[in-house]
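Just so it is clear, A, B, C and D label the chains in written order, and each chain counts residues from 1 on its own.
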Amino acid sequence: MYSLPDLEPLKDFNAIAVLTSGGDSPGMNPAVRGVVRAALNQNIRVYGVQKGYSGLVAGELRVMTSASVRNIVQRGGTILKSDRCPEFKDPAVRRQAIDVLQREGIDALVVIGGDGSLTGAHCLAEESDIAAIGLPGTIDNDIFGTEDTIGFDTAVNTALDAIDKIRDTASSHERHFLVEVMGRNSGFLATHVGIAAGAEMVVVPEYEVQIEQLGQQLSDSRRSGKGSSGIIVVAEGRDPGLTYRLAQQLTQHGEEPRVCILGHIQRGGRPSGHDRVLASSLGAMAISYLLAGYSDIMVGVANGAIVDVPLDSVIRYRKGLDPKLFELALLLHK
Amino acid sequence: MYSLPDLEPLKDFNAIAVLTSGGDSPGMNPAVRGVVRAALNQNIRVYGVQKGYSGLVAGELRVMTSASVRNIVQRGGTILKSDRCPEFKDPAVRRQAIDVLQREGIDALVVIGGDGSLTGAHCLAEESDIAAIGLPGTIDNDIFGTEDTIGFDTAVNTALDAIDKIRDTASSHERHFLVEVMGRNSGFLATHVGIAAGAEMVVVPEYEVQIEQLGQQLSDSRRSGKGSSGIIVVAEGRDPGLTYRLAQQLTQHGEEPRVCILGHIQRGGRPSGHDRVLASSLGAMAISYLLAGYSDIMVGVANGAIVDVPLDSVIRYRKGLDPKLFELALLLHK
Amino acid sequence: MYSLPDLEPLKDFNAIAVLTSGGDSPGMNPAVRGVVRAALNQNIRVYGVQKGYSGLVAGELRVMTSASVRNIVQRGGTILKSDRCPEFKDPAVRRQAIDVLQREGIDALVVIGGDGSLTGAHCLAEESDIAAIGLPGTIDNDIFGTEDTIGFDTAVNTALDAIDKIRDTASSHERHFLVEVMGRNSGFLATHVGIAAGAEMVVVPEYEVQIEQLGQQLSDSRRSGKGSSGIIVVAEGRDPGLTYRLAQQLTQHGEEPRVCILGHIQRGGRPSGHDRVLASSLGAMAISYLLAGYSDIMVGVANGAIVDVPLDSVIRYRKGLDPKLFELALLLHK
Amino acid sequence: MYSLPDLEPLKDFNAIAVLTSGGDSPGMNPAVRGVVRAALNQNIRVYGVQKGYSGLVAGELRVMTSASVRNIVQRGGTILKSDRCPEFKDPAVRRQAIDVLQREGIDALVVIGGDGSLTGAHCLAEESDIAAIGLPGTIDNDIFGTEDTIGFDTAVNTALDAIDKIRDTASSHERHFLVEVMGRNSGFLATHVGIAAGAEMVVVPEYEVQIEQLGQQLSDSRRSGKGSSGIIVVAEGRDPGLTYRLAQQLTQHGEEPRVCILGHIQRGGRPSGHDRVLASSLGAMAISYLLAGYSDIMVGVANGAIVDVPLDSVIRYRKGLDPKLFELALLLHK
């Protein structure tokens, strides 16, 4: 696992709040537990905000004790519940949130979520003197500044469980399957799943798919006897229905691929060991960073270590898919 | 498990063949293993037919030894491969199959598959003096004359694994999910999955769905605070796209349900313990029934015991959904 | 699944209580849910007793609502908690329990558990006018009068998950493994696991193990090249350490088997689909039997149907292992 | 996942061999696949050695094609089989191995295994002009010079699956469980499992366990009502029976903990997504390092990147447990 930084405690806090926001991801619960237990160990009061930013604005806070997070490390979803909150883009709405926090004497906030959620945390840090720390929680692993996100590893394993099952039937019927995994803008999940599933091909938003070539490749492998069955992993991409369109196009090349859309099962499930350790570490480290005086940062992973990244950069830049990893996926299927 | 009949061996066989046909189902491998090992124990030669009836017509047979079925009890799919073979409805094609079997000195055939596959076995038994035994292999559990089929229990568990994951995200976001399971003509799988998943509602082809009522029920449970999230299990039914249409209609009732189509993962995966024991028993019993002089039967389950059912009846009648079981599903969600 | 009886409601109840007792088994939660929801549907008040009979004697009861059993259908263990309570053999202690029930106006009790727990229910029914229904909840499936028990199917699957893993390493190292499953007096679990795992041999308390013969068989299969690796499933039996002693004895026959004791993982885990449907049905049927005027019975499974069995018989007789099933296990490994 | 190095191909190879050695670990198969496919892509002939060094000495080699490694990415164990080979410490035996390799025109060897296996590779590199590359394959993650090893992530998840089940029963019965995981010399696995399982305590060989203190802590948490049940994760350590002795000592402190030894299930099972991607990358990179002229190195992971480490250092130094990680485990249970 990732090595942990040494941080000197410099600041005091009266009370902190923690919330989960956006699409839920497996590991949010151990992250919440890490935040709560680490804060309580420093005698800081902790509030859990219900339903993300909407709940924050509405003042839905409850005091968290050590027992509040007992027996949750292995549960999918988030006990704090989550929500998307587009209204939080409105500074007036954020002002309400700040009022709620200040009224309760809360001087720091930990936000667990994706891009949009971290933007909210950044705004709060800029627009008030409340310290704000973001933790990357998304199955897409598409957040700039961190190699890993809470929920990604579990989602890879969930997709693999499904694909290992599909492979049984693909192989019994000598058929190709197009399996769609999540990833609107990013092929990170698809590429990992593709390598791990031994997929014949991976289709990602970052590179244009060559239907001619893919059709040719499937026909070749069928003719060569190498593989009359196989899995093609497809990131869902920006246009709904991509996978079905691919299947139609391949049909015109004489293939009869079946389609399987994994959908929301990828967001749920007991978090994997990796995600539990990652989430627990990031949660506990969020408190260490706060005590060391940091704010307006995300706590993420770089070069195998837990690090801080300014939320400003996290929001501004986009994370690219490692081309060498994508090449590896293509190389190994041969 | 089911009790096994006492059967007296009366007949001799020179060689038997075994094939898997139609959509594959988890447990076909232990069924094949049961057939092969039980036959070898009686010093009967065994051939494995590749790719169902198509392979039979094409003469794709290989001799099976005890080692051929080693280490397959836990594998999904079928090592014999499977295929749908609509041409087998043509008596001339069946004639070719009979020729192949007779040429190899094979005097009995065991067929593992669904409705269509068992029809093929019945025709062969009628049109030749080759003894034919069918074993019910389908995840739908919709075969007349048997309470249980090879693969059904595994498919229920696979659907539940997925739904337990979806429930995490449903509950974190306080949302309803429509989850589509297999079942074109039969709501058996959907009803079992619905009971086991604690579903809010089950939609099956046997009963018309009352959209008004369902919409009302979801709104009520949301308002009552009893359940702002939940799972509705939908059998795919005869018209593709049913689940999406249901979702649209519910949207008009003010709900925003998400849709999840489980698809082909339900056919694959390591067979469950129940399916392995069922398949092993049925496979071994197929040989006992052959030796006792039976032919043109399916070996199935009735009243908790392994029994024979004339293939003629299996094909002619339809199995109905137990209304009491469906009522149980509705009762328990309240 | 099992067919459900038609029962005419004849009696009224004021309030019922439900408890889980003895070793916990997966499926106790859906059973509790079935009892609670079915009773509430009949407008009967329901109390949940904490910690089995000990909690009953101590008066640890809480009112159960529909929401109390929400989202528990998929959870292992029992939300009511369980306990062994040897003191309940003392009539004076049972008198206290009866007093507690009568004080709260409770006129029926549903007990979910094994042999000992059902004995307690029988005594209460005899010693008071409180109606008592037992449900068979144990992973051992060793209760007289029922073919199936809540938790057995899950325990088989849990043992198989473990053995499928062990087989990987057994096969990579060409080694034999002795795998111990639960079963002090009964080889039912071991026999099912053995068939489903494709085990080389099954050792059960009902039949004496022939070490000479087993050692010979392992050496033979090693020499023949048929199987230099394999799994021997051993029921723990009455004398602790049996499996280690077997391993030692086999070592004297030139084998070097490894030992794996599955232990308590067999009691836990999310209940399987089969166990959830069984438990839900039995739970709901317990209420139907009560309303139909039954008492002092267990609701179990016979001939593929849900039936009532006098608790008196359940307690007095012992369930034997089906010899044909055991023979099947031996037959198929060859 | 880990970033991949850029390597310039400088050398040619005629043929390479790959072997798996020592205790098997999940992910060896995708590693073998990575080596084979990457070599074939460079038109290098590949031999698979059966049964580790013993098979190498005995000349048990077979030519590997792309199809030889088809459909193995998801399988536990190793298709090449593995063995411990103490005789390989004898230079004369190694001389035989070198002869075998040279006779077949093999000029490079990739070894996948633990400490002892990598020592063998180092000796071969020193004693011949055959290039040798080691890949870290062990569930213990105790190899110097690499943060991660093939199989570790899967073993963590396997242990967690078991512990999540045990927690159900622990919590239903309000009991403590001592769960023993692998780790003779290293508490790495135990510490990760402990954090991820939310364990009450972790016992590792690196730190002495304070029985008094542990007993006190359990009693305190029982009295405080915080936790009357819980999991204590114990690394097996050097002296067999440690966990049973701990249990006895705790019994003297008034606790009645149960013991669960996870044993060999930790070595088996389908490799996790993480281990499949790691193994595939390391396997493919082994060929890149060979082509770039490297020999006598292990390809491992440092600072989140795939790197080379001299085998000499790998063997000479010991990897220590990160004390900050261990502290995290202790911190979070409170």
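One rule holds in what follows: contacts are C-beta pairs under 8 Å (C-beta built on N, C-alpha and C of every residue); 3 or more make two chains touch, one makes a residue touch a chain.
Values in this document were obtained by computation on a predicted structure and should not be read as measured data.
**Q** Shared touching chains for chain B and chain C?
**A** In this structure, no chain contacts chain C and also chain B.
**Q** Relative to chain C, which chain has the most distant C-alpha mean position?
**A** Most distant chain from chain C: A.
**Q** For chain C and chain D, let me know how many angstrom lie between their CA-based centres, rounded off.
**A** 37
**Q** Just how far, in Å, is the C-alpha centre of chain C from the one of chain A?
**A** The separation of the two C-alpha centroids amounts to 40 Å.
**Q** Could you list the positions in chain B whose residues touch two or more of the other chains?
**A** In chain B, the residues touching two or more other chains are 164, 167, 171.
**Q** Just say which it is for the chain contacts: an open line, a closed ring, a star, complete, or other.
**A** Topology of touching chains reads as a ring, each chain with two neighbours.
**Q** What part of chain B is in contact with chain A in the complex they form?
**A** 20, 23-24, 26, 28, 51, 75-78, 81-83, 158, 161-162, 164-169, 171-174, 177, 258-261, 263-265, 267-269
**Q** How about chain B: which of its residues touch chain C in the complex?
**A** Residues of chain B touching chain C: 1-4, 6, 30, 33-34, 37-38, 40-41, 66-67, 70-71, 73-74, 147, 153, 156-157, 159-160, 164, 167, 171, 192-193, 195-198, 226-227, 270, 272-274, 276-277, 280-281, 284, 301-305, 322, 324-325, 328, 331-334.
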